[in-house]
Amino acid sequence: MTDPIRLSIRHVTRYAYEPQAVAAVMRLRLFPSGYEGQTVESWQVTANDQPIEPNFTDAAGVKEALWSCDGGISEVEVIAEGIVVRRQDQGVVRGLKERAPAELFLRTTDLTATDTAIKDLASAARRSDTLETLHSLSASVRDAVEYKPASTNMATSAAAALEQGAGVCQDHAHVFIAAARSLGIPARYVAGYYVAGEGDDLTETHGWAEAFVEGLGWVGFDIANRTCPTQDHVRLICHLDAGRAAPVIGAIEGYAEETLTASVAIGQAQQ
Amino acid sequence: MLSRTAANLYWTGRYVERADATARLLDMGARMTMLPGSATRQDWLSVLKAAGVPLTESEEVGRREAVRILLLDEEGGSSVRSALTLARSNARAERTALTRQAWEALNDEWRALEKVPEAEASSSLPDYLEWAQKRAAAFRGSVETTMLRDDRYDFIKLGGALERAAMALRLLEVKYFALLPERDVVGGGRDFHQWNSLLFAASALRAYHHVYRGDVTAWNVADLLVLNRSFPRSVALCITEAADTLGRLALRYNQRTEAQNRAERLHARLADTDMDEVFADGLHEFVQETLKSVLDIHSATSLVYGF
Amino acid sequence: MHSNSGIRAPYTQVASWLEEIGQPLLELRAKEAEALFRRIGITFAVYGEGGDPERLIPFDLIPRVIGASEWARLSQGIEQRAKALNAFLYDVYHRREILRAGRIPAELVIQNLAFVPEMIGFDPPGKVYSHIVGIDLVRTGEDDWQVLEDNCRTPSGVSYMLENREIMARMFPDLFGEGAVRAVDGYPDDLRRTLEEVAPPACRQDPQVVVLTPGPFNSAYYEHSFLADLMGVDLVEPRDLRVRDGRVWRRTTKGLEIVDVIYRRIDDDFLDPLAFRSDSALGVPGLMNVYLSGGVTLCSAPGSGVADDKAIYTYVPEMIDFYLGEKPILDTVPTYKCAEPDALSYTLENLADLVVKEVDGSGGYGMLIGPRATEKEVAAYRKRLEADPAGFIAQPTLDLSTAPTFTGGKIAGRHVDLRPYCLVGREVRLTPGGLTRVAMREGSLVVNSSQGGGVKDTWVLAGDAPHGGGA
């Protein structure tokens, strides 16, 4: 059993508006929840320097806040930062307070709709044991979809990513989720933070998947990295697909051109 | 009151007046072009300009086109039909803010101009114009007699007053454009007819003779249409009404507004002016400047009340 | 009136009235009524059809009459159903006991697209989800009423209930002289009370209620403005609302003013682009967050539609038993869920005798009425059904009752249904009456206004009429 590690995270999202927006409303899901494998030691979210507290927690244990602002706005800067302690858990999410029935995550969405290719991929990966099926599925999805930055976008569906055989972490997760659901295994999308290895330049949030295994609970699969979530993964949001798991969603009033930049800095905290 | 409601009521008031004024303009155009030797094309062009219809100089405009553009066009708000339709659709969105009578005045026969052929509209033009003016009168009448004197009433009145002021100013512009090619014959027979037509369009012929008791002169016509507060369509009276209405709104909402300041400034300026001054500085320039002030009142109103 | 029998007792007064006024006057009044509707602006737009965008719904002058004791039983059945449906909604968004008990298949609820995950674990004020329950009923025998469907989201048509009465009272004042017919005009006040009763926890003063409409181009816009007017509240569009400091505000000429309760006539998907459809330009950004954190109440609650799904419909008797421990007072139509193999094969074999509907359809669209369809239509429908069995249910064609209707210059029987509106706040309120829809074409069973159906005034009598009349 490895020791817990302390991760220091700073996640900055910046919107610039040209010309100024009349008003802005932002839905923020930037609050990691605690469970057995993850303790939030300290955490603070600000928007244009105003501190923000979550005002409710959804059925899957995800906390959210709403921030609103009036008057001419040329920039909104949302900063989420703090320290999260991660323990080794082999990717099994235990002790998370959630009320959603697992079967909810059998529901298909536009981004995770299945087609014949996905169904074929899924049935080829099927084993007698659910956990083995999922591991085998994770590997074959990764084999079928090459990691290729900027080859897809937020709206690319699982079927499209599989067909072109290339994508990013979000697409790997979507194909896996679609395939698992087609086998009757509840699966969902997780957005979070990830400590990339040497040379990797992961400066945005990361995406992986969780599948429900009877008797064990929700188990994570980081398909892109061919692993189950480790102490380098920090869980932030989970939902039916990536489209519903955006950490920051905003709307403005007025006719302004919007520019979005985001950055994530994550590493082991100094003792 | 919801800002959107205020906006819809304001525009209802404006479009009803626009339909009414456009009908008058069309009537005037029809009269002007009946004159012997009239430069038909020019006259219709100036009428369309007064109605705010964007045109290129080279465009051929005869009676038929004018009737189509100013009476029958489906969209854009320049024709009687589209102004009435827009008045109705603004009102329809605010059914709850209007009395049943005021709504029914706009809703009754609102589609009457929908299937009228151009030829028929042209040959029975006076009937159609009279019909449109009656619709506007019915709306105004029901607003006056059935609406509570609250902010709803104020916004309808405000829209109406500003539109009437703008229309009176545009009417003077028509005369200006019509005169352009023949400046040298001011006071000639044709000129007399043009001023007469203009008074007719403002439903002011009888009023003119009642007030000025003499020949029709440019000075007096402009005085009647701009400065004479006893004439219900004069710019000065409309602006006084607008300033009063904005003043009532400011009291209701406990907030003095920029719109009110602007209306009061224009009101004071008009009270200070006489016709000698206007003609000395140029009627055209005066009209343009005043139109801009009216537009400023509109912008300030929409800003402060959120529409 | 029921087919093959004479005049039912409640109709005796109407029958003698009809005899008295005679055909020509009736015809004259029918024309006057249409002119009135047109002038007031009560119209109904139909999506996806050309022609008149502000069409009138045909109004039939002859009222539909329901006897006092008959209504007493009906109203008990309606209230029972409204309570059970709300209890069901609370349960499926909380402990899901009815699913755990195996009384309703879990996937039918959890996988249902009308089941809104955001609502799980949330307690709407008063635990009420569907504040206005519209239940469509048909009479199939002397004392038999059957429920055709439940409407838990935003049942429309109540403005016709009110206006139909208004017009009848204007045209035939004598008829209402003796208080024999129960009034319906208390509905707007009842609706306002119901909405005020479910004010959110954050509400500190008199609850501020608004009606939220998609705008003047919506087919039911007249109704939206009508109800707002009669309740004395603002009729707002999404752009009139904004979220700030955890509450919802409306833009007014005096600045922002608070909103506590929203009677929304907008579908779930279009409520909040930050929560549901981000591609939608409609909606109020942040509305769901405010709702879920107790800053505003939405009526009906998002996700209420899972209770009025046509596949769930068959389980309402289970709900009544499970939550209320009662026997259902109203019958439900036997329904074959084509998702089940046996039901599918039965349906396919008997397609020509059944009514087949899409589970999530409404407005009378996309349904097959076997006995009235051509062979070609049946064949085409068979293909659709085979392609997606779970999307359909089938029911036997009912022997619907008819009511006397003035059509084509004479009085003849036409099929009718009835939609009463049950209000659920801290207490349950039911206006005596409802909307009677009538299939104006002879023999037609489709009463939907979007399919050329008409409406009638609906009378609930204050006391039972003496039997008699006959023939």
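Here the chain labels run A, B and C in written order, and each chain numbers its own residues starting at 1.
Following the convention adopted for this analysis, a residue touches a chain if its C-beta (ideal position, glycine included) is under 8 Å from a C-beta of that chain, and two chains touch if they have at least 3 such contacts.
Please read all numbers here as calculations on a predicted model, not as lab measurements.
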item	value
Shortest contact path, subunit A to subunit B, counted in steps	2
Chain whose Cα centroid lies at the greatest distance from that of subunit A	B
Chain whose Cα centroid lies nearest the overall Cα centroid	C
Of A-C and B-C, whichever chain pair has more C-beta contact pairs	A-C
Centroid distance [mean C-alpha coordinates] between subunit B and subunit A, Å	61
Inter-chain centre distance, subunit A versus subunit C - centres from mean C-alpha coordinates, in Å	41
For subunit B paired with subunit C, centre-to-centre distance based on mean C-alpha positions, whole Å	47
Junction residues of subunit B, two or more chains touched	none
Residue ranges of subunit B touching subunit C (in the complex, touch as defined)	1-6, 89, 92-96, 100, 103-104, 107-108, 151, 249, 253, 305-306
Subunit A-facing residues of subunit C, complex	96, 106-107, 110-111, 113, 117-118, 120-121, 242-246, 273-275, 278, 285-286, 289-290, 292-293
Residues of subunit C defined as touching subunit B within the complex	39-41, 215-216, 221-222, 225-226, 228-229, 234-237, 239-240, 250-254
Interfacial residue positions of subunit A with respect to subunit C in the complex	23, 25, 27, 55-56, 58-60, 64-66, 68, 70, 99-101, 103-104, 106-107, 240, 243, 249-251, 253
